[in-house]
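Next up: some structures, all given as structure tokens.
Look for chain A in each of the two complexes below; its partner is chain B in the first and chain C in the second.
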Partner chain A sequence: MTLKVVGQNVLRYDGLAHVTGETHFADDVIIPGTLTVKVLRSPVSKGKIMNLDIRAAMSVPGVASVITADDVPCNGYGHIPDQPVLVEEMVRYKGEPIVAVAAVDEDTAIEALEKIQLGIEEEEPVFDHIQAMMPDAPKVRPEGNIHMFGKYPFRQVKFGDIDAGFREADVIIENTYRHPSLEHAQLEPMVSQAVPEAGGKLTVYTVSQAPHFHLEELYGILKVKKNNVSGKHWITEKGSRTGQGLEFGDINFIGGTVGGGFGGKNDMHADHITALLALKSGQPCKWRWTREEDLLYSTYRGCWYITIKDGVKKDGRIVARKIKTIRESGAYASSNPHVVEHNIFNSTGPYFIPNVHSRGYCVYTNKPPASSMRGFGLTPSTFATEVQANKIASELSMDPWEFRFKNVYRNGDLTSTGSKLDSVALIEMMQTLAEKTGVTLPDRLKQMSSAKRGGNSI
Partner chain B sequence: MKNRGTGIAIGHYPTGQNGGGDPSQAMVKIQPDGSAVLTVGSCDLGQGCKTILAQMAAEVLGMEYEQVKVINHSVDNTPMSSGSYASRVTYVDGKATVEAAENAREILFQVAGEILEASPSDLIIENGKVFVKGDRKRFKTISKIVEVATYEKHKQVVGLGHFMKDFSKPDPETGECDPFCTLSWGVSFAEVEVDTDTGEVEVLRFVSYYDAGKAINPMLVEGQIQGGSVMGLGAALMEDLHPYYPNIEHQPDNLSDYSIPTTMDIPDFEALIYECPSTEGPYGAKGIGELSANYPSPAIINAIHDAIGVWLTELPASPEKVLRALESQ
Partner chain C sequence: MHLLKLTVNGQNYEITVQLKTTLLEVLRDKLQITSPKAGCNQGDCGTCSVLVDSILVKSCLTNSLSVQGKKIITVEGLAKPGEVHPLQQAFHENYGAQCGFCTPGMILAAKALLDKNPNPTREDVKVGLSGNLCRCTGYTKIIDSVIAASEKMVTVTD
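This part shows the complex of A and B:
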């Protein structure tokens, strides 16, 4: 098949518009009469709200609407869903939203926030996820700090016979690696604008990476059910803009052109709060996070500790691998259990290891929720397994290239989760990389291929 | 003293949401002028999905790339997509797009077959026209076929496409499951210079070689590799959101304190593309978005060991960590 368009370097679809400033991102949508949203965030990392008085804030001239947890129909969202839109009673991280205000301008919104009376009885937080695993650690959540994957406090992979593998090994090499927390640092911070439309409908301008998913999540927060069969009477019955009687289909999300995300916009950060305020006030509401808010309180790549224990033969073959990985989740689950799964399912790295036992833990701390970030669990595992690969080679006085040639996946190999591989190309790619970088490989490595193990294996 | 060293790192990355169960759908409508509108629910975050999905639709429909308009801005008006994450859009939305374009093409062939008195299976589409195979004189323009379909045959020339890898539930005891669409591969090479007096690490050369299955748009794939490598470089040498972990008091709240690489920090970068086609992907494509961020850290750490003989097991390789490692050597 001769391809005409696929494989060509055609001009980027929206490239010219992006670089000339013509593209409309979420923040470029100007709706007259839009209110500015500001949020009161918790000043402490853990505590119990003893007193919350918003009356003075509501009476500031120019304030259209003030909402608290009482205004959220279903105050839990996220994958589990365990994260409150606005704190109900227990504060679990510094910066957690407690009250949201919509006002005519930013100064008025800030003035209103300053008038809110907030009393929090501070409790001892835990920040280190290793410490948080200890039985006597302060509890981030009442059910405990270690996320439960069904009946186990970990996700595990068992492949082959780990004990037999270690018995077969000539050398045992064990190391612990730490990958720090990282921020996405995408160009466009979190922005959301919710605009009430005729007939009780609502349009939300979003920076979401997954608007279809987040719209359903918002319906969940608003307690709008999918199985509502009462019919669409909005033309005659609604008329008001209070959001009463909101039905599935009444809200639309506009987005799709996003100023970078890297996984940071897989979680809803602002759309729920602007939607609630717009429904309550009947006016368009916009919340634009500052860069400071984005760095301090948006999701991030949580910190990881990864311990790898490898059983290796003198010829360089890894015959057993035991892994324990511990991921910091922050205060809520978000996508972290999936991140841990992704890490554990891929914890052998690109190597065929016949005996594997890996366990991944997801641990809650009193920090903002961590979540997805480009590399989703494989970034830390790749760091750990690839430095481990060189350490093993060094221990065996073997060339790190040769060590990799001996262990990498080939066509027909099984991963530790039991998937049979095809379209494998690591050996061929390493051969080319060696050539490009002036590394001379011995002939026995040059002659290898990703074909099935057997004939040409060493 | 300045010491130089080299290091490599290799790996794999799964395409698609971990475990599957993440649908994407597409809709292709042929316009009266013979152009097409492709509607998808995934987002363009800068990775260029509008471009490559338009390329795939144009390929199937025998059109120029410029003749495909891409709509993705409104949830009400776009078919379902799980979203732009998990290195999934090229593969999953790509498959849905190809299917939608093929279904639209099928309707064009049916109508053209009636006009040209030929079997739809004997037709080909190219340069905006539908031809009878082997006879360059028997053809109709796509524009004409749409006109006949609309005003004579009571037909709408719209194709729908859907793709989802079925959800695979992991066994709680063994983790056994089929969690990905396909795997793509990456190999990287770093050359560094370490200043043993200051602890500073300079990356002199970085070569990235990644498997895209089939590069739908090689320049965009290179862009993904370059961008991922810069992100990985930041993780290797500069970035830590909680530098006094677990203490959060000194968390950086601005991009001067949380420094990410700028153009001035970028070394001699080479981005190379390998094409080992996936069995099921559109044109053999695989996801390329995420894996490129993963190899700079280990390649650079391995190169630092080669240069000065110390292992760093914690990122980033800041001057402080390098000097402390040298001291405890």
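This part shows the complex of A and C:
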């Protein structure tokens, strides 16, 4: 078979457009007369809105529309629809959107925001997710700070017999790994442009990395009848003129050209508010986040505490692993439960461990919602398992290469989630890696194969 | 409102601007030349970079009235119509453009560098492009692209 693409350098299909300036991102659609969107964000991390008066903002000349939670037909969205588009009563993080304004230009929009009267009764927030797990911690949400996976406050994987595994072990090695939170810092900030079209339709130019998910979410927010947009929302649903009259198929969602995302654009940041303002004002609206807004209030990788306790034989085989992983979620679920699942499913790394017990917690704090970033939880998991691998090797005075050769998956091994592996090439990959990087492996490692567990002492 | 006369990519324009209007706003909103981007709008990221009389400037920090009568070049006007500039070709062939958002500014920063130093070292390229941020590539392929272009352009001139 002749390979046409594998092993070849293939030029990017969009490369020439990128270098000549022909590529158009969401912000590059310039429609004269487009209104500028600005949003009043909460100045505090936690509190209850006692007073909100937008009348003075609405009367600023040049202001087309001002919207609050009352204007959002279904004010809950996300993977688990727990996040309000605009705050109803309880503020859960600093920067949470409360009021949105569309005006003829930026100065007018900012002037309108300054005229909004907002009174918030501040409450004590909690920022550290380990603190938030304590029974007496301030409640981020009424149902508690620990996310419920069904009836359990954790997601868990049990494989083999963990107690028997630890009894069999010669050495116990336990460490806690902390991964800080990280912002994606993609070059293109959050941008949305919504344009009302003839016949009550709507075009939305989006920066979304997940346009199909977000289109469906947008229909849900606008309360458009669609078969699989279910009605179970955490926040209230209410009637509103905004969005009524739209039917499924009436939104033209244009995206796919993303100026960097890295998981930061898997959540809807701007399309909902921009669409609502365009429908209410009947005019094209554009919302471009400032760099400061993007860095402070967009989703990010939440921080992790990962505790690994391994039972290891003197020959280097891990025979038992217990993991407790705790993920910061921020104020809302977003993709965090899914991120924790991914992390837990990968808790053994690329190693066969016959007895595993891993638990993952997802904990709410008064910070902006965390979400996906480059691997949905796999990157922090790999960081922890690989540093742990080196620490075990060091403790046993064993070469870290040899430790990995002994423990990696072979064909026929079961993962901790019960998948039988049938096309493993980890041994061969490490042999190639050693060769390419000038590492001389002992013969017993060179002779190993992924086909079967065997060779010297294993 | 104030009258602004300028030349962009060889074309003359006469427009009215406010005192506070930036060059980036003129290019994008008034002339619909969108390759300069508002990545940070505060002079940090460099994706708004353009050439003003061959000098590299950040258009988001440039008051539009300060370029009265000057010649502006963006990547749309870097090559002759229907052609691709060697720098653009090199960025394409060496994978210097990934998401493409920093690319227009990056190419113009490279152009400004090669105008002054046609045969730069990798270290020269790093310094020359230090005002421009890229989040995708890790810069290696951008530096490769500039070096490849410089070799090609020197050969062409010879």
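As a convention for this text, the second predicted complex is superposed on the first by the 430 of 458 C-alpha atoms of A that agree within 3 Å, B and C clash if a C-alpha of one lies under 4 Å from a C-alpha of the other, contacts with A are read in each partner's own complex, and residues count from 1 in each chain.
Convention: contacts are C-beta pairs under 8 Å (C-beta built on N, C-alpha and C of every residue); 3 or more make two chains touch, one makes a residue touch a chain.
On a predicted model such as this, the values are computed, not experimentally measured, just so you know.
In the superposed model, A:G259 makes contact with both chain B and chain C. Between chain B and chain C, it is B that contacts the larger number of residues in chain A. In the superposition on chain A, A:R141 makes contact with neither chain B nor chain C. Look at A:V19: by the touch rule set out above, it reaches chain C but stays clear of chain B.
In the superposition on chain A, A:I30 makes contact with chain C only, while chain B stays out of contact range. In the superposed model, A:H79 makes contact with neither chain B nor chain C. Of the two partner chains placed around the shared chain by superposition, neither chain B nor chain C is touched by A:K115. When the two complexes are overlaid on their common chain A, residue A:A185 makes contact with chain B and with chain C alike. Touch criterion not met for A:K313: it reaches neither chain B nor chain C. In the superposed model, A:N175 makes contact with chain B only, not with chain C.
The interface of chain A with chain B overlaps its interface with chain C at residues 11-12, 14, 185, 257-260, 262, 291.
The touching residues of chain C, counted against chain A in their complex, run 28-29, 32-35, 37-42, 44-45, 47, 74-76, 79, 84, 87-89, 91-93, 95-97, 99-104, 107, 133-136. Here chain A touches chain B in the complex through residues 3-14, 45, 94, 127-129, 131, 149-152, 155-159, 175-183, 185, 208-213, 215, 249, 252-263, 265-266, 291-292, 295-296, 300-301, 303, 338, 341-342, 344-346, 349-350, 358, 365, 367, 372, 374-379, 382-383, 385-387, 390-391, 394, 400-401, 404, 408-409, 416-419, 421-426, 428-430, 432-433, 436-437, going by the rule given at the top.
Considering their complex, residues 11-12, 14-25, 27-28, 30, 184-189, 257-260, 262, 288, 290-291 of chain A touch chain C. On the chain B side of its complex with chain A, the touching residues are 6-14, 18-19, 41-46, 48, 50-51, 54-56, 58-59, 63-65, 70, 72-76, 78, 80-86, 126, 170, 172-180, 182-183, 185-189, 207, 209, 211, 213-220, 228, 231, 234-235, 239-242, 245-248, 251-255, 258, 260, 270, 272, 274, 276-279, 283, 286, 289-291, 293-295, 297-299, 301-302, 305, 311, 313-316.
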